[in-house]
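Each of the next two complexes has chain A plus one other chain: chain B in the first, chain C in the second.
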Partner chain A sequence: MTATISTTSVTPTRRRRRSARLSPLLVAFVLVPFAVESIWVFWPALQGFWFSLTRWDGMTPPTFVGTDNYVELAGDATFRGALVNTVIWLVLFGGLSVLGGFGMALVLQKERRGVGFYRAALFTPVVFSLVVTALVWRVFYQPDGIADTLLRAVGLESLIRPWLADPQTALYAVILPALWRQIGYVMVLFLAGLKAIDPALHEAARMDGANSWQRLRHVTIPQLKGVNAVVLSVIVIDSLRSFDIVWSLTKGGPYHSSELLSTYMYSTAFQSLRLGYASAIAVVIFVLALAVILGYLVRAFREEA
Partner chain B sequence: MNKLRTGAFHTGMILLSLLWLGPVLWVVVMSTRSFDDIAAHGVGSLPRSFTLDTYRQAWTDGGELRALINSMIVTIPSVALSLGLAAMAAFALSRFRIPGRRTILLLMLAGNLLPPQILLIPVAKFSELTGLYDTIWALIAVQVGFGLGFYTFVLHGFMRDLPGEIQEAATIDGAGTAQIFTRVMLPLTRPALAALGALSFTWIFNDLLWAITVLRTDDNMPVTPALLALQGQFVSSWNVIAAGTVIAAVPTVAVFLRFQRHFVSGLAIGAVK
Partner chain C sequence: MSDFDPGRRRFLGHLGLAGLGALGASSFLSACASSASGPTTSSGSGAVTIQSNLSSPQAKAAMEKLIETFNGQGKGTASLNTIASETFRTQLPTYLTSANPPDLYTWYAGSVANDYASKNLLLDVSDVWKSLGDYPQSLRTLSTDASGKQIFVPMNNYWWGFFYRKSNFAKWGVQEPKNWTEFLALCETLKSKGIPPIGIGLGDTPWVASAWFDYLNIRINGAPFHRELLAGKQRFDDPKVKAVFTRWREALPYFDPKGKAYPFQEATTALLAGKTGMFLIGTFFADAAPKDALGDLDFFRFPIIDPAVPLAEEAPTDGFFASAKTANPTGTKALLSYLAGVEAQEAYVKASSGIVLPANPKAKASDSPLVVKGKAMLDEAKELTQFFNRDSSDALQPTADTALTKFIDKPDQIDAILREWQAGAEKVFKG
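Moving on to the complex of A and B:
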C-alpha cells in the first residue's frame, strides 16, 4: 500500500497544524453527503424500528402497541411460509449461484480461444433489469412456450404444467431466472479473485506433485478467502433483498407459494396498508441480514486500520 | 487426448452460452412476429412473419417513450449527484485527518448495506410529508441517499492509495483545497469514477422497488415499472411485450458495451480488496 499524507508520512507538528486547519469547505465536503444520507437512510431506518411497534394505516396517526406486531407475526402462517421460502431462496439461489459462478470462473479462467465470448455470454443477463429477465423467462414458461415445446420434443408431455401458476413449482420457477442472472455476476467476482493469485504458488504446488484437485483444494480456495467473504456477504444481502424478480413473475402467488419476506412486506405495507405490521416484517429482514452486515463492516474496518 | 478435451470444452461451453443467450435471442425474434402468427402458432414456435410495428406500439401506445425519458431524467442526475457527493466525502475523509473519519465512513457504508425494506415505509411517508411523493425528485433523492455510502467507501479506498506527493506539490504551488479536489484528485480518480458511473447507471436505471415505492402515477414511472404496466396493457400481445422488453434493455446494454472494461472492473472492485 502506498503511503499517503494522511496516514503515515506526517510528522507530529504538521499533523497538529493540519487538523487545526480543517477548513469550512472540508467540513462541508463531509457534512453535506452525510446529511443527505441521514435524511434518506439513517433517519428512515430509525423510524422503521419505531413503526414496527405501532398499529398504523397511513391515514390516522400511528398508535403504540408494543410488541403486538411481533406476537402476531409468530402466529401468522403466511409469514412463516415466507420465512421458509426466504431460507429456501437463500440456500438454492445463494448456494447454486456461488457453485455455478465459481465453477464457471474455474473453467473460464485460462485465456484461450473463445473464452472471451463465453464469459460475455454468461455475463450478458447481468446488465438486464430483473423485470426484463422476468419477461424473458415468462415467454419460456408460457403455456406452449419454450419449456413446454422442449418437453414435448423429448416426449415428457406429462411433466407439463402451468409453471408459474402451480403452487408446487412457482417458487422454483422464479429461482431459475434469478440464478440465470446471478451466475455471471458471481463468476466475474471469482475471476477477479483468481487473477490475483500468484501463479508461483500453483507452480510450487505442481513441483511438489499436487494434482489439480489438491491444488484447487489447498492453493486456490485458501487464496480466495477474501473473495469468498465478499461473495458470501453479497449473496446473502442480495437474497434477502430479492424482490423485483418475484414481484414481476408471481407477486408472491399463487396462494403465497412463492412469497418471500420482501414481497410479503411490500404487499402488507402498500396493498393491505398495515404499515406497523409491515415494519415488523422489515425488522425481521434486517435482523436476518445483521450478522452478514456486521461481518462485512468488521472486514472493512480492518482494512481501513 | 488434448484435442478431445478442447473439443469437449468448446462443445460444453457453446451449449451453455446458448442456454444463456438463447432466451434473449428468442425474445428479440419474437418482438418482430405479428400478432396473428403468435396467436396461431404460440410463443414457442419459430417465426413465420416479420413486422416492426410492435416497436411502434410499445413506443407510443405503450408509453415506453415517456417512460424512457423519465428513466433518463432520474438516472443521469442521480448518477452525477451521488458520485459527486461521494467523491467530496471520500476526498475529505481519505486525505485529511478529520476526527472520527473512520466511524463516519463505516456508518455511511452500513447505510448502504441495510435491507431497503426497513426504509420503504418511512421514505414513502417522508416524501409525502415534503410534497415530493409521486415526483421524480423523490426518486432521485432516495437513489442518491441510498447509493452514497457504497460509492464513498469505494472512492475512499481508491483516493487513499494515491501517492501523497501529488497533493503536497499542489499545496506548495499554492492550490487551495477546492482546487486540489477538482484539478488534482478528481482527474486521478477517473478510472474509479468511470467504473462506478457505469455500475450505478445500470443499478438506478434497472431499479423497480424504489420507483414503485415513491411514485404512483403511470406518467411518472421510469421504464422498469412501465414494462410491468405494459404487460398488463397488452395482455396477450406477446410481440408488443417483447418489443417493450427489448427497448427497456437497450440503454443498459449500450452502457455496458461502451464501458465494458470499467463495468467489469467496477464489479470486481470489492472482490480483490
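Moving on to the complex of A and C:
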C-alpha cells in the first residue's frame, strides 16, 4: 500500500498513465510475501477451523463430526475453569502490567542521574527467556525456598504453603513472574511514547495553571493514544498466548487450577491427542483475541472519524 | 510438554517449548496433518535409520557404540538419529504415518506400542522372535499385538519399589515391612521420630502418583482387573476402584507434605539426605543420585495387602519397534536381531549408567546386590505390569494425574473425583 501511494505521489502528470500498469517488481513485492503468508499462516489457520469440526487423533484421517466439539466445550468444566482463569489472567496480568509499566515510565521518564540504571534493571527480565524466568522463580517458590525464608524472617510462617502446588495460589504464583517480566516491556513502550510528546504542550498547560494531575489527565494520556493501541494489542495477545511460563511452572496443575485456554489447548492436542477438540479451543482463543482487538480498533477509528 | 511420562530419561530438557499463540497453535496443529512428507531418510536397501529418544549423554553414547559395532559386523548399515525425548514423543505419530518414515524406533512395550500396531503402522517382527526362543513368555506376550504377531523387541526393563537408605533404616532401628499392616506400623514409627515417612515428588512430575495407584490396584484387585480398567473395559467409579483409595487413605497421613511441591528428582535428594524415610519410585531415580550413595540404597517390594491376589510387579520394558512402511525390512530385522542379542544388551547395560535389567535372559546384568535383588523380585512375580501410561496410553495419563493429585489434596471428595476421572477417561477412549 505504501508503495502505491509513493508511486502516485512521486510521479506527476506525465507518468500517471503508467501507474495503471503495475510494475512487475511491485506485483512481486506484494504477491511473494502474500504467497508465503498464505502457505504458512492463512491456509493452516483455515485448516484449524476445519479441524475444529472433526475428530482426529493425528494418525488416522480426521472424521467430520459437525459442531460436536463446540457442544462438548459448552459442557466441559475444565474448559470453563480455563476460560475463567484466562479472564483473570487478562485482567490481572494485563491491567497490572499497564498500570505498573505506565507508572514506572512516568517515574523514570525524566533524565536524572542513575535513571538509566533503573530503566535497565526493570527491562532486564524481558531479556531472559520465559523458561529461564520460570526456572528462577521455581527456586523462589520451592519448599524452604526464598519466598518461605522471607516469610519466616518477618514472622509470617502461617502463610507458607506449597505456592505452585496449592490450587488456591498456583495461578497467582504464575502471574507474578509473568508480570515481573511484562512490566519492563510495557514501560519501554510507554517511555518511547512519553518521549514523543512535545514538551511545548506541557509548557503551555503549566502556563495555564494546570497542576501535575491535570497535565497527566489532559495532556499526557491523550497524547499517548497511539501507544495505547499498541500496548493494548500487545497485552491482549500476550495474555491469550501466555503459555510457556505456565507450562514451565505448573503445566496448568494442580488439577487444572492454573489451567489457561492455551495450556488446555496444548495438553488436549499433544497429551490427550484430541486434535479436533484442541482446534476448537484454538478457534475460541482466536475469536476472543479478535473480539477484544477489533472492539478497540472500531472504537479508535470512530473517534478519529 | 510433559514430564508426565514415566519412561526413563525423559525428564530433562522438557522446558524448551515455545509459547504457542492462538493462531500459531492452530497452524501448528494443521501443519502436522498436512505434512505427509515427514523426515525423509532411508531409501531402498540403504542404511537402516534408527530414531532414538535415549538422549541422556550415557544412553546416547551407549547407543552410538552399539550401532558402530553393528556397522562393523558387515550385516548391514545403520544410522542413529537421537532426538530429545519430548519431541520424539509428540512427533512419533507423524513419523509413523509419514510416506517415507525412519525404519526403527526406540519405544515402550505394552498398550503404547499395541495402539500403533492396531493401526497397521508397525512391522511384523515375528521372524526376529524365532531366534529369541529363550526369552521368557511374559516378554513374548508383552511384545505380541492383538492379532497374535510380535511387533516389539524388548531391550531391557527395570523395576519399582520402596527405596530407602540402609544406614538410615539402621539408625532409626526399623526393618523392611512384609505386608500392609507392618508397612503402616513402620510409617507410624518413623513419624513418631519426626521423619516424614513417605517421600513423593508431584510438582512437575505428577505421574509419580500413578505408581501408588497401579500398585494398590494390582495388590487389591489384581493385574488382570488393572489392565482391563486401563483399557476402558472397567469403570473408574467402580466400588473396586474406590477400595484402592480407601487403602491409600490409610497411608496418606504419612506422605511428606512438601512432596506436592517438588519434582521426583528433589524427592530423591530428600530421601538421600534422610529428610524422608522411603520413596516409591522406579530405578531411574538413581540417575540423579550421587554415586557414593548408591551402595547405601536398598528397596523392598510394595507390601502385600491380600495374599490371595497373585503377585504382580511393575516392570516397565523399553525396546524397539519398526515402521510397517520400512523400505528395508531385511536390514531392519537384522539390526533388531543384533539388538536383542546377548552381546549388544550386555554392552548397553554396561555403558549406560542406569540400573536396568537386560531383556535377554542370557545377558548378564550388573552384579550389584541391588540389581540381583530387583531381578529376583521380578522373577518371583506371577504377572508384570508396565506402568499406568504404558498399560493404557499417554492420553489417559493426564486424567490420572488430575484425579490422583486431587485425591491426595482432598481425599474427602473421592466419589466426585472418581466420577470426573471416569468422564475424562471416556473422552480419551472416544478419541
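Keep this in mind: the second predicted complex is superposed on the first by the 260 of 305 C-alpha atoms of A that agree within 3 Å, B and C clash if a C-alpha of one lies under 4 Å from a C-alpha of the other, contacts with A are read in each partner's own complex, and residues count from 1 in each chain.
Throughout what follows, a residue touches a chain if its C-beta (ideal position, glycine included) is under 8 Å from a C-beta of that chain, and two chains touch if they have at least 3 such contacts.
Computed from a predicted model, the values in this text were never measured in an experiment.
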{"item": "Which superposed partner A:149 touches (first chain B, second chain C, both, neither)", "value": "first"}
{"item": "Contacts of A:193 with chain B and chain C, given as first, second, both or neither", "value": "first"}
{"item": "Touched partner set for A:90, first chain B, second chain C, both or neither", "value": "neither"}
{"item": "Which superposed partner A:137 touches (first chain B, second chain C, both, neither)", "value": "first"}
{"item": "Partner chain in contact with A:303 - chain B first, chain C second, else both or neither", "value": "first"}
{"item": "First (chain B), second (chain C), both or neither touched by A:242", "value": "second"}
{"item": "Residue contacts with chain A in the superposition, chain B compared against chain C", "value": "B"}
{"item": "Which superposed partner A:167 touches (first chain B, second chain C, both, neither)", "value": "second"}
{"item": "Partner chain(s) touched by A:260 [first = chain B, second = chain C, both, neither]", "value": "neither"}
{"item": "Touched partner set for A:234, first chain B, second chain C, both or neither", "value": "first"}
{"item": "Chain C-contacting residues of chain A that also contact chain B", "value": "40-41, 43-45, 47-49, 51, 58, 130-131, 135, 142, 144, 237, 240-241, 243-244, 247-248, 262, 265-266, 269-270, 275, 278-279, 282-283, 285-286, 289"}
{"item": "Contact footprint of chain B on chain A as seen in their complex", "value": "1-7, 9-10, 15, 18-19, 22-23, 25-26, 29-30, 32-34, 36-37, 39-45, 47-49, 51, 58, 107-108, 114, 117-118, 121-125, 127-132, 135-137, 139-140, 142, 144-146, 148-149, 180, 184-185, 188-193, 195-196, 226-227, 230-231, 234, 237, 240-241, 243-244, 247-248, 261-262, 265-266, 269-270, 275, 278-279, 281-283, 285-286, 289, 293, 296-297, 300-301, 303-305"}
{"item": "Parts of chain C lying in touch with chain A, wherever the complex brings them together", "value": "1-4, 15-34, 90, 93-94, 96-97, 116, 119, 121, 202-204, 206, 257-258, 260-262, 266, 393-395, 397-398, 401-403, 405-406, 409, 420, 427-428, 431"}
{"item": "Chain C-touching residues of chain A, taken from the complex the two chains share", "value": "40-41, 43-45, 47-51, 55-60, 62, 72, 77, 130-131, 134-135, 141-144, 162-167, 237, 240-244, 247-248, 251, 253-256, 262, 265-267, 269-275, 278-279, 282-283, 285-286, 288-289"}
{"item": "Interface residues, chain B side, partner chain A - complex", "value": "9-10, 13, 16-17, 20-21, 23-24, 26-27, 30, 42-45, 85-86, 88-89, 91-99, 101-102, 104-126, 141-142, 144-146, 148-149, 152-153, 157, 160-164, 167-168, 177-178, 181, 202, 205-209, 212-213, 224-225, 227-228, 231, 238, 241-242, 245, 248-249, 252-253, 255-256, 263-264, 267-268, 270-273"}
